[in-house]
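Across the two complexes that follow, subunit A remains constant while its partner is subunit B and subsequently subunit C.
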Partner chain A sequence: METSDPKAIRRAVWSGSIPCKILLDPGESRVFDASDPYYVIIPRIAYLPFFAERVCSFFRPFVIDPEVAKPESAWFEFESVPMKWHWPVGLLYDLFTGRDPAANNVEEDDEHLLPWTLIVHFRDYPTKYLMRLEGPATCHDSWMNTVKEADHVRNGSAKAVMSLSKAESTKLWDSLQSHDFDQFWSVNDKLVSVQARNIPLRLYIPSAPRVVQQPVPPNLPSQEPQTVGTALRTLLPELFPSQRVAVLARPVVHGVVVAMNTPLLELMREAVYPDGFLHISLAMMS
Partner chain B sequence: MSDQSPPSTTPPPVPSDPPKIPSSTSTDDLPVALSASLVLTSLPRDGKLALDKALHPRPTKVNIRFKPIGSAPALDKAVYKIKTSQRFENVVKFLRDSLGLRSSEGIFLYVNSTFAPGGDENVGNLWNCFRVDDQLIVSYAMNAAFG
Partner chain C sequence: MPDLQNFPFISTEEFAGGCVRLGERLKREGIGEVMLSHEMGGVYGLIVRREFVACSESDGHESEDEDEEVQNGGAVEEEEDEELPILYFNLYPPASSAQIPASLQQVYENLTSAATRDVLKSVGIQGAISQTDHPVLGVPYYFVHPCNTAAAMGEWQQRRQDGGEGMEDFTAEKYLTVWVGVVGGAVGLFLPSECMV
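Moving on to the complex of A and B:
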């Protein structure tokens, strides 16, 4: 990585990706011996519906009832767990594989997890677990609401997002879908490079999964900067008995363990997801 | 995009004992994937206990104030109590039921007249982040109100 590039971390976050192998649910396949897998590299910051149309066209010839094979009826499952389409793919991977990026050893490397194998279904939408997709607009609307929610946390209102021009907010969404770093950040920089009142932070505890979201100011009462460790110690004292050392769980952002002494405001500005939140999943240490 | 003024800083007084929004009985958050469960079963005892505590915080109750927008009908009471463990979709369901909406009728709920939370968002998290005078202010409209 070219360290003199001030955008190096943002670029690295943007280009992070997960090789995926997508299989059609055997119960929906009319091919006796199972259909071919679909291989695709999915950016960590992307959402599953971005790929639904391609996946759908690929599997349509194999589906028993091609009528149901529509992008909005597609849903994805990892090890029998339906994947939320409104969470970024990288977060889904980090959270649901439970992978501890710091625990790599030679005998048991990561290869058994890659490509990440997902099963696509077009029938029996799991409405108990997933919100319905009524078309491409659903994904956009849900994302835009999250962007506003994050802005509300940052500034106490969503004025910064609301005051973007129509062209700018369209550019944000379009460039996220087309994976255009420069276009996206030409707008997003205005939203995140502010003196935030609070950091939009979501913590994901594995196993339920439970999401913890509370306003976290960028500085401590002592005026020292809030760090990953001080925030975790405050929000989840059971799992983080120390603010300096990971004892029971490690904080993971974009598949990487972040140091406990990382200032949270800086981390938010560089490693924020496109929806405006800093999503931190926890990997339990065994 | 519309730009709304922030909610009034002096809302009407909270009734001393607001009615309760019934809790959803379903405990249906996502199950654990096998890979993650293998990690979890191999945790040391300390880790298991800590995880269990973090996963099941003791629920408390918070107040939600409903505000109709435009032609949306008002509720009999404006303020209700709800458990922090509930998901936002339960708030939507309660409002739909209270207003007697048919399944074909849409309704749009916003926190602080700003954003529509996802149905799976936790009420306690929303209250923690966005409360005004200790109430979560939820406005609602029959048509999309805030672009």
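Moving on to the complex of A and C:
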């Protein structure tokens, strides 16, 4: 059946979101654990720093020391783990809740009821584990570095990104922050639709978590298309002994289990994150 | 050791070979060592060098005239289909036995000279130095943007040729020595003259 909108998948990816409930660390609160929670719906493709200002403003009346409540000092924790602000929120949710979207066990699913509950801190920024936020430009800089890296993986150089005009480059970042699909893809399409030498892919294994990044060509030596299954079997053979069937773990992209026979190049073109990478988290099968 | 095929670029194999040779030289001089590892489709050479530098407090507070110790660990990395090495490094202020990385401002103030600081800060969105999660170690590390490496190495080559020297015998080991000076020099990392090839 023909899709009426060739951008349907990209739009679906763009519109995915995680309802979040943010609590203030009771130790930093004048009213201990009685401060209001902050409810916010965060797009899966967005980043926590985009919301830091709002969170700060909301909690400033409740913090013991309002001087400390600055966006650059805010860090978010889920189940005692500091959340990396340079990872997309959807990836953080999928990886750290560890939910298996294909699990049949309804009771297990109850553990991961939405809204996703995070605790915000303004003190004791864990600089050993979390990159610093020097200011609003840091998030932009970090994202841009990832965009360049993805370009390099695709083309062997970051020339395509480096040769974007200032207007185009600004448009990419601004439209990501304002969540404007048409503006964003008006620039991004030409970056992503190339004949890629390698697919910018990052795999996230829960617990540690461990990040695996290795160049993966769009076709196998046999000229058959590289699939999600063949890539996983090559990169993580101990977790993916079969390239056709998920046995120990399932690949999850944007909260959805991806079929092992999905061609990787197509998946990249449709489900790529705005930073240019296909971030795939693994859900361990029970 | 064979000459580089495609200066100012360096292939993974050339890089690995250069690291081994450089490591042998560093060890002979008792300066440090290079630990080579192959991970995630790339080659990583970790230069371990500890240098204690006395510098004054730079944050404007009233201070006793204590000497601070800064510790530099240099990690050099190249990814498989990248043709240029990337320099990863960290700076640990004193009294941080827990190895907590310095702020970007501290990096600029402690590792860069006044001459280079403005240039470094003027490129990109917030300068030529950024933080990232180290691809192997997984913790925050600073790195120098590789965008200008090819041009910087090209400029070095031009000056050399202007000075009447050619590129014969330009091995991967020489490349790394020059590269550490060119890119590393911007952040205060350099190989002592005993190591010059």
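The definition used in the following text is that the second predicted complex is superposed on the first by the 272 of 286 C-alpha atoms of A that agree within 3 Å, B and C clash if a C-alpha of one lies under 4 Å from a C-alpha of the other, contacts with A are read in each partner's own complex, and residues count from 1 in each chain.
Basically, a residue touches a chain if its C-beta (ideal position, glycine included) is under 8 Å from a C-beta of that chain, and two chains touch if they have at least 3 such contacts.
The structure displayed is predicted, hence computed values, not measured ones.
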Fit or clash - subunit C, subunit B, common subunit A: clash
Touched partner set for A:Ala158, first subunit B, second subunit C, both or neither: both
Which of subunit B and subunit C A:Pro215 touches, first, second, both or neither: both
Partner chain(s) touched by A:Thr127 [first = subunit B, second = subunit C, both, neither]: second
Which superposed partner A:Asn188 touches (first subunit B, second subunit C, both, neither): neither
Partner chain(s) touched by A:Thr138 [first = subunit B, second = subunit C, both, neither]: second
Touching partner for A:Ser281 - first (subunit B), second (subunit C), both, neither: neither
Touching partner for A:Thr230 - first (subunit B), second (subunit C), both, neither: neither
Superposed model, subunit A: greater residue contact from subunit B or subunit C: B
Partner chain in contact with A:Phe78 - subunit B first, subunit C second, else both or neither: first
Partner chain in contact with A:Pro206 - subunit B first, subunit C second, else both or neither: first
Subunit A residues contacted in one complex by subunit B, in the other by subunit C: 84, 86, 128-129, 131, 141-142, 145, 148, 152-153, 156-158, 162, 198, 208, 210-215
Touching residues on subunit A, where the partner in the complex is subunit B: 78-82, 84, 86, 95-100, 113, 128-129, 131, 141-142, 145-146, 148-149, 152-153, 156-159, 161-164, 166, 169, 198, 205-215, 236, 238-239, 248-249, 283-286
Footprint of subunit C on subunit A - complex, ascending: 84, 86, 127-132, 134-135, 137-138, 140-142, 144-145, 148, 152-153, 156-158, 162, 197-198, 208, 210-215
Subunit A partner contacts - residues on subunit C that touch it in the complex: 40-41, 79-83, 98-101, 103-105, 124-126, 130-133, 135, 138-140, 145, 147
In the complex, subunit B residues that touch subunit A: 1-3, 6, 26, 28-40, 42-44, 46-47, 49-51, 53-55, 111-112, 114-122, 125-126, 128-130
